[in-house]
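The letters A, B, C, D and E name the chains in turn, as written, and every chain counts its residues from 1.
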Amino acid sequence: MARVGVFVCHCGTNIAGVVNIPEVLEAAEKMPMVVSATDNKYSCSEPGQASIREAIIENNLNRVIVAACSPRMHEITFRRALASAGLNPYLLEMANIREQCSWVHSDNKEIATNKAIEIIKMAVAKVIRHEPLYPRQVGITKRALVIGGGITGIQTALDIANAGYGVVLVEREPSIGGRMAQLDKTFPTLDCSACILTPKMVDLSQHPKIKLMTYAEVKKVTGFIGNFEVEILHKAKKVDHLKCIGCGICWQKCPEKVPSEFDLGLGKRTAIYIPFAQAVPPKPVIDLSHCRYTKYLTWVATGQEGKKPPECRICEKLCPTAAIAWDQEEQLFTEKFGTIVVATGYQTYDYSHYKEYGSRDFADVITGLQLERLMSASGPTGGEVTRLSDGSHPKTVAFVCCVGSRDQQRGRPYCSKVCCMYTAKQAIMLKEHDPEVQCYIFYIDVRAGGKDFEEFYLRAIDEAGVIYIKGRPSKIYQDGKKLIVLGEDTLMGRPVEIPVDLVVLATGMEPSAGADELARNLNISYDTYNFMVEAHPKLRPVETHTDGIFVAGACVGPRDIPECVAQGSAAAAKVAALFSQDTLTTEPLIAVVNQARCIGCLLCVTICPFKAVDYQTTQDGRLIAATNESLCKGCGLCIAACRPKAIDLRGFTNQQILDEVAGLWL
Amino acid sequence: MPGVDVITPKPITELRSWVETLSGQKVARCYQCGKCTAGCPVAYVMDPTPRQVMRALQLGLEDELLRSSTMWICFYCMTCAARCPREIDITKVMEALRLVSAQRKATPAQKDFKLFHNLFISNLNRFGRIYELGLGLTYNLLGKHPLSKAELIPGMLARGKLSFIPHRVKNTDRIRDIFNRIKAFEKQGKP
Amino acid sequence: MAVSHEPRIVGFLCNWCSYAGADLAGTSRITYPANIRIIRVPCSGRVDPLFVVKSFQLGADGVLIAGCHPGDCHYTEGNYHTRRRFALLRPFLDYLGIDQERFRLEWVSASEGKKFSEVVADFTETLKRIGPREI
Amino acid sequence: MKQSAYPYYPGCTLKASAKEYDISARLVCAQMGIKLEELDDWVCCGAASAHGIDRLLSIALPARELVTAQKFKAPLVTACALCFSRFKFAAYELRNEAMRNLIKYIIGEGEIQQNSDGVIHLIQLLDNNKDDIRVKKLLNGLRVACYYGCLLVRPKEVTNFDDEEEPQIMDKLIKLVEAETVDWKFKTECCGGSHMLTRPDIVIKLSHRLLYQAKQAGADCLAVACPVCHYNLDSNQKKIEANYKDNIGLPVFYFTQLVGLAMELSPKQLLLNKHFVNPMPLLQRKGLI
Amino acid sequence: MIEEIRNKAKELLETKTVDCVIGYEPATDNLTSRPVFIYEPSQVNRLIFDETCVHNLSKYLINRRYKPTGIVAKPCDTRGINLLLNEKQLRRENLFIIGVVCSGIRKVRFNQIENSMPTKCQYCSQHTPVIYDFLVGEPVTEAPTHNYSDITEIENMSPAQRKAFWSEHFDRCIRCYGCRQVCAGCYCYECFGDELDPLWVGIRIAPGENWVWNTVRAFHLSARCIACGECEHICPVNIPLMLVNRKLEKDTLHLFDFEPGIDTEIVPPFATYKKEDKLGTGE
């Protein structure tokens, strides 16, 4: 038999100033199963809570109504009060008579009092149906998976490992390093990018707690926080990295030369290759789509049609440790993890949609990232900036900002954030490379919000003599050896035409290819551009709506290096905090299946947004639904869809809600 | 240099709401990047430039806009609309400004453009088709530039490309009916 | 005609957006008619059409379901399902004799305290205009 | 040979300054077994003027012709790019039922069907039936810069023609007759349009830029699909050369004339003698006549 | 036609493809027909098919889901089979469907076959079964059309008229639950109407409770009702239940472009959603 205690809070005058408390108490006493109704000046204060505790014990209450503020405010507080009186904390129901009564009906005290009574009446009807609920404990696999080996992933992995937990880092390219490895210098300090990144890469590869998996991809994810199972595909490297010593003879002697992805097509690499000199691991993979021996094998396998390709195998012949492994195939491994951090980063916008800028037809229109490779001492030109058309040194250079950013028409309305600064950096660097260079930067707004950014922008004007032209160019075309940029100087309100030797398009950031597919695999949300969506943009920037999966860096939105590093560390801190516990407590307000009623139509399985409902087969062969308590978030979507009412939501059961409605008419 | 007027912005003006209704474009979307002007083949003879027209609309500089010749110089090549990163059809805005200007019988600073278009319409009204020589001659007469393009006339005549007699449609009444019904509709606001 | 008819509205409000929005109306001290009784549910997707039917049977003059704006659901997609269910139920109830103006599905975010008060005021006004239900 | 008929709207200029376009179009189509049936007693489409002065007029005029064309079971073919643009805009507006009813009242005759694909340009007609183009003489060695102008391609959602910046449809036709097309970036830049009377200086500046760029790209002639463009580039060329002290000398063909040449129609039939820049020396040099 | 059914049934039973064929046999009134379960090849001559074969036999399949079963099915019944397949109540491999092309059956009243057809057939243009293993009759290739003139008529009533119309009908309901028992889509072990806690439908036979039952029964069949008309056929107090069901059918078609039981591959509307849904409610 339920014994309900009603505690009406004055909240100073917040409630009592409008609602007639004695009248409410009198009415409450007469409600079904109510054994006591008392008031309190401030229920949430320590004396207030103490009086609730005492009343529970004294009157042997087993259900409690606190008629006060919104449950969003103090539900947790009063649950603790119940617990301290030895009562199950879930036997509490709050009647919101402040936010939804006294504060909004202060104009009519009589009406407010009546409404308060009815709200309490409904709460009483509901609380009678409350049952004790118990949180559950689940174990944690204290091992983290980091997806993506750019600066964000590297930082995350190092921080988690340094906290003492095991990490697996999966990178789909043959080397970690990501976009940062391609950069020459970083703004606004002009540090050499490789010089600050490579030590971290080496640290990572040598860390005893970190297992590095390059040339590998995450294929499938199942499970839940603390207990994920992840299928990782190891692509065939055709090189046994345990035997390989990274001597380099194979990639020096390989006869097949192809455009280097790392150098964005500006330089060449071989078919067996490491992407760049400081690659980690410093061991090669064979690119099968270009390898001559592979082509030979295909030729043999497809019936020897056409010309016979050379049966090369030079790498195999020269390898001192016999590390070339032609029989190596791609392999799928399943590993267990407690958490997953997504740090898949970005790629630069493909400007071939900008036909008015020549869509890749002009050799001397390049992207900012290509210029980085040209300026880098380890780049394809050894750090000399030359025109691709004729090898001459450009003397006038125009930069065009916001290519693939702030452009609704191309489906990229967002600001890519880093372009303003990197164009300034590149202009300064070009001036350093060659004092005769004159740079023009076409911009819409210079966005220099960041530490030392504005100063850096001024430095480009003061020291490098850059001419900033406010206006987005409309066309780039060739006239003889020159490129003509047509723009408007919007500050003067007049069209401008500048003939230049080189045009650099500051292409914006977009999520790495395949980010959407990965997000679907992980069951985390992504936006229309395929950027990952954080749980809360302000307060939970590295969490996702799926517990135990975190996001960091440029896969969430345009970020510069320091922000990526900070986010990587933030995600690592979240992981470490989780791993510092031995078990996880799960919320008991979740969906449960009454298997006897379930008819096995499995509509609930289809509509659950969290894949928290699965099905089982009973002994007599029936299909029935079963919820996973760790995945269920308690939204109740399945319950409303269930015709036989075989699934119910603890804390918001059909009985509770129906009685709450009916309570209004008691 | 003459002094400049101080601008008092008027965010909501009748002109702007007319332009927005007629063009279906949201003026406020423009973020003044200038790509329209940069690509406009005739921006160099415009004052204000297309971007400045958008700004003037945003600020509600009604008189300035109606005095300007920009929308009459614009010849609808639609380059601006095709390239606008904010997906504003600026050509439609220009068209709307023309319509308002025509309706209010405003006088642009450079009268010739508007004159040409008005003559074109009356030419159409009269013959149903365009009588190129007649249109050219009337324009030169009324616009007081008797020699414009005159040097081409002999060559054109020699090649049989101009005719002294207008091509008329057989039934010009039908054209006049269309004009009249439009006039009637515009007066009454309903068919 | 009952001049002093005070309609009763049963409001199912999702915990994350609309209930918080109703709280915000309180925190901002925006007054609105006291005709609504609010039932907190985790998500508008929790609301079984049966609850709506029952509310009308029990004597409600109007039923309001309020949830997060489409795209903003705390559970990512609950409200899309809500929208589908009640898009079918509303005309059906109307067909069976419950004026469709008596049922509303609204999107109220946690920051729309003002909107919540307006919805309640407008709904109350509408229900007063239609008059009491004959049961 | 198949025989199909299309309603045909030549437009005012094709009856005067662009006669050769009209004639060559009819000849080429006849060779392909296509009959162009000129609409009965057609009126001007309103051109560049009507839509800036009276929007209803600019829809009503083409709508009237669209109604006339409806009795054919084929789309209306326009030759002039400006007419094409006005017809496409009108058809676009007529998708709206209220507008259809209003325009029906204004033109006072016939029902208006809702069909925005009901209008095509002559290039599209040739492209759709390119199997019927029987090339008898290849135009090898001729380097053509295809110039599309503004109105065919823009705005894409209305004209639904080809890419707004780099269209290919005319290039395909020219390549079909084995002439070379040059890749240049000014295919859809403006020639100065209807400003030849009001501001000839603008036309001269813009047309010069086009001719100069075409020449730079290695073209020895231009192909156009619009009488206004032709007028600006051809009859003005002498003046342009004088103004810029630049020797250009690029003949400007209608694309129909080039296709006609490949069908072994004679230069005289195709009225090549009507051009201000005489194309004969070029054709002789290339051994094409 | 009958011979074809009998021969097929015989073959199925003899080859042990199925161990039972569900079909129709003449009823004892020598006028109408009734369902029959044939287990022996020798018994197949009991099977008939004519214009009195009103029953939807697909519901019988639920209890035989694990046993290989043959069934004689009209187009509307095959939609029921599709529905049950979609809801994982049947196993396709255990089914052999003898589909019968049907142009409508006849009403029987006062021991006479009338000329008129029941509501379900009046508005039905699905004359070919949507799923079958063996087809009897010439398939109709014409695409089915939709006619909801009866529904529009009620929609066009004034709210007061509509309310009165339904009160008149629902007040008659004696809540025998025959409509549920006969329905192929009603196969819950425990119906919400039988549940005591929470008490969704009160035990009293009162207008309010009747209204809840009829509303929710129909709504539970929204996007599921396959218009076999059995509920209306069985109703002892002649409530025009097809008018209720078909309203939902009409709106489902209009809002979600969905017809239940036509194609098992199409995800039903309440199992999915579109972000860009424009449904007129909650805009």
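Operating definition for what follows: a residue touches a chain if its C-beta (ideal position, glycine included) is under 8 Å from a C-beta of that chain, and two chains touch if they have at least 3 such contacts.
What you are looking at is a predicted structure, and each value in this text was computed from that prediction instead of being measured.
Participant: Spell out the chains that contact subunit B while also contacting subunit D.
Facilitator: A
Participant: Taking each chain's centre as the average of its Cα atoms, which chain lies closest to the overall Cα centroid?
Facilitator: Checking distances from each chain centre to the full centroid gives A.
Participant: If you count the contact pairs for each chain pair, which pair has the most?
Facilitator: Looking across every pairing, the one with the most contacts is B-D.
Participant: Please flag the chain sitting at the greatest distance from subunit B, going by CA centroids.
Facilitator: E
Participant: I'd like to verify one number: the distance from the centre of subunit A to the centre of subunit C, where each centre is the average of its C-alpha atoms, in whole angstrom.
Facilitator: Computed from C-alpha means, the inter-chain centre distance equals 35 Å.
Participant: Counting only Cα atoms for the centres, state how far subunit B is from subunit E in Å.
Facilitator: One centre to the other, that is 66 Å.
Participant: Averaging over Cα atoms per chain, report the distance between subunit A and subunit E in Å.
Facilitator: Averaging C-alpha atoms per chain gives centres 49 Å apart.
Participant: Could you check subunit E for residues that touch two or more other chains and list them?
Facilitator: Within subunit E, the residues that touch at least two other chains are 192, 200, 270.
Participant: Note the residues in subunit B that touch 2 or more other chains, in rising order.
Facilitator: In subunit B, the residues touching two or more other chains are 79.
Participant: Multi-chain contacts only, two chains or more: what residues does subunit D have there?
Facilitator: Those would be 164-165, 189.
Participant: Mind giving me all the chain pairs that touch?
Facilitator: A-B, A-C, A-D, A-E, B-D, C-E
Participant: Tell me, which parts of subunit A touch subunit D in their complex?
Facilitator: It is residues 355-356, 358-359, 361, 475, 477-480 of subunit A that touch subunit D.
Participant: Give every residue of subunit C touching subunit A within the complex, in rising order.
Facilitator: Interface residues on subunit C, with respect to subunit A: 8, 10, 15, 19-20, 22-27, 29-32, 34, 37-43, 45-49, 51, 54-55, 58-59, 74-78, 81, 85, 117.
Participant: Note which residues of subunit E are touching subunit C in the complex, please.
Facilitator: 154-155, 159, 162-163, 165-167, 192, 200, 208-209, 211-212, 214-216, 218-219, 222-223, 244, 247-248, 251-252, 255-256, 269-270, 273-275, 277, 279-282
Participant: Subunit A touches which residues of subunit D in the complex?
Facilitator: Per the stated touch rule, the residues are 163-166, 183, 185-186, 189, 213, 216.
Participant: Help me check something: in the complex, which residues belonging to subunit B touch subunit D?
Facilitator: On the subunit B side, the touching residues are 22, 41-42, 45, 71-73, 75-79, 81-82, 89, 91, 94-95, 98-99, 102, 112-113, 116-118, 120-121, 124, 128-130, 132, 135-136, 139-140, 148-149, 151-152, 155-156, 159-163, 167, 169-171, 174-175, 177-179, 181-182, 185-186, 191.
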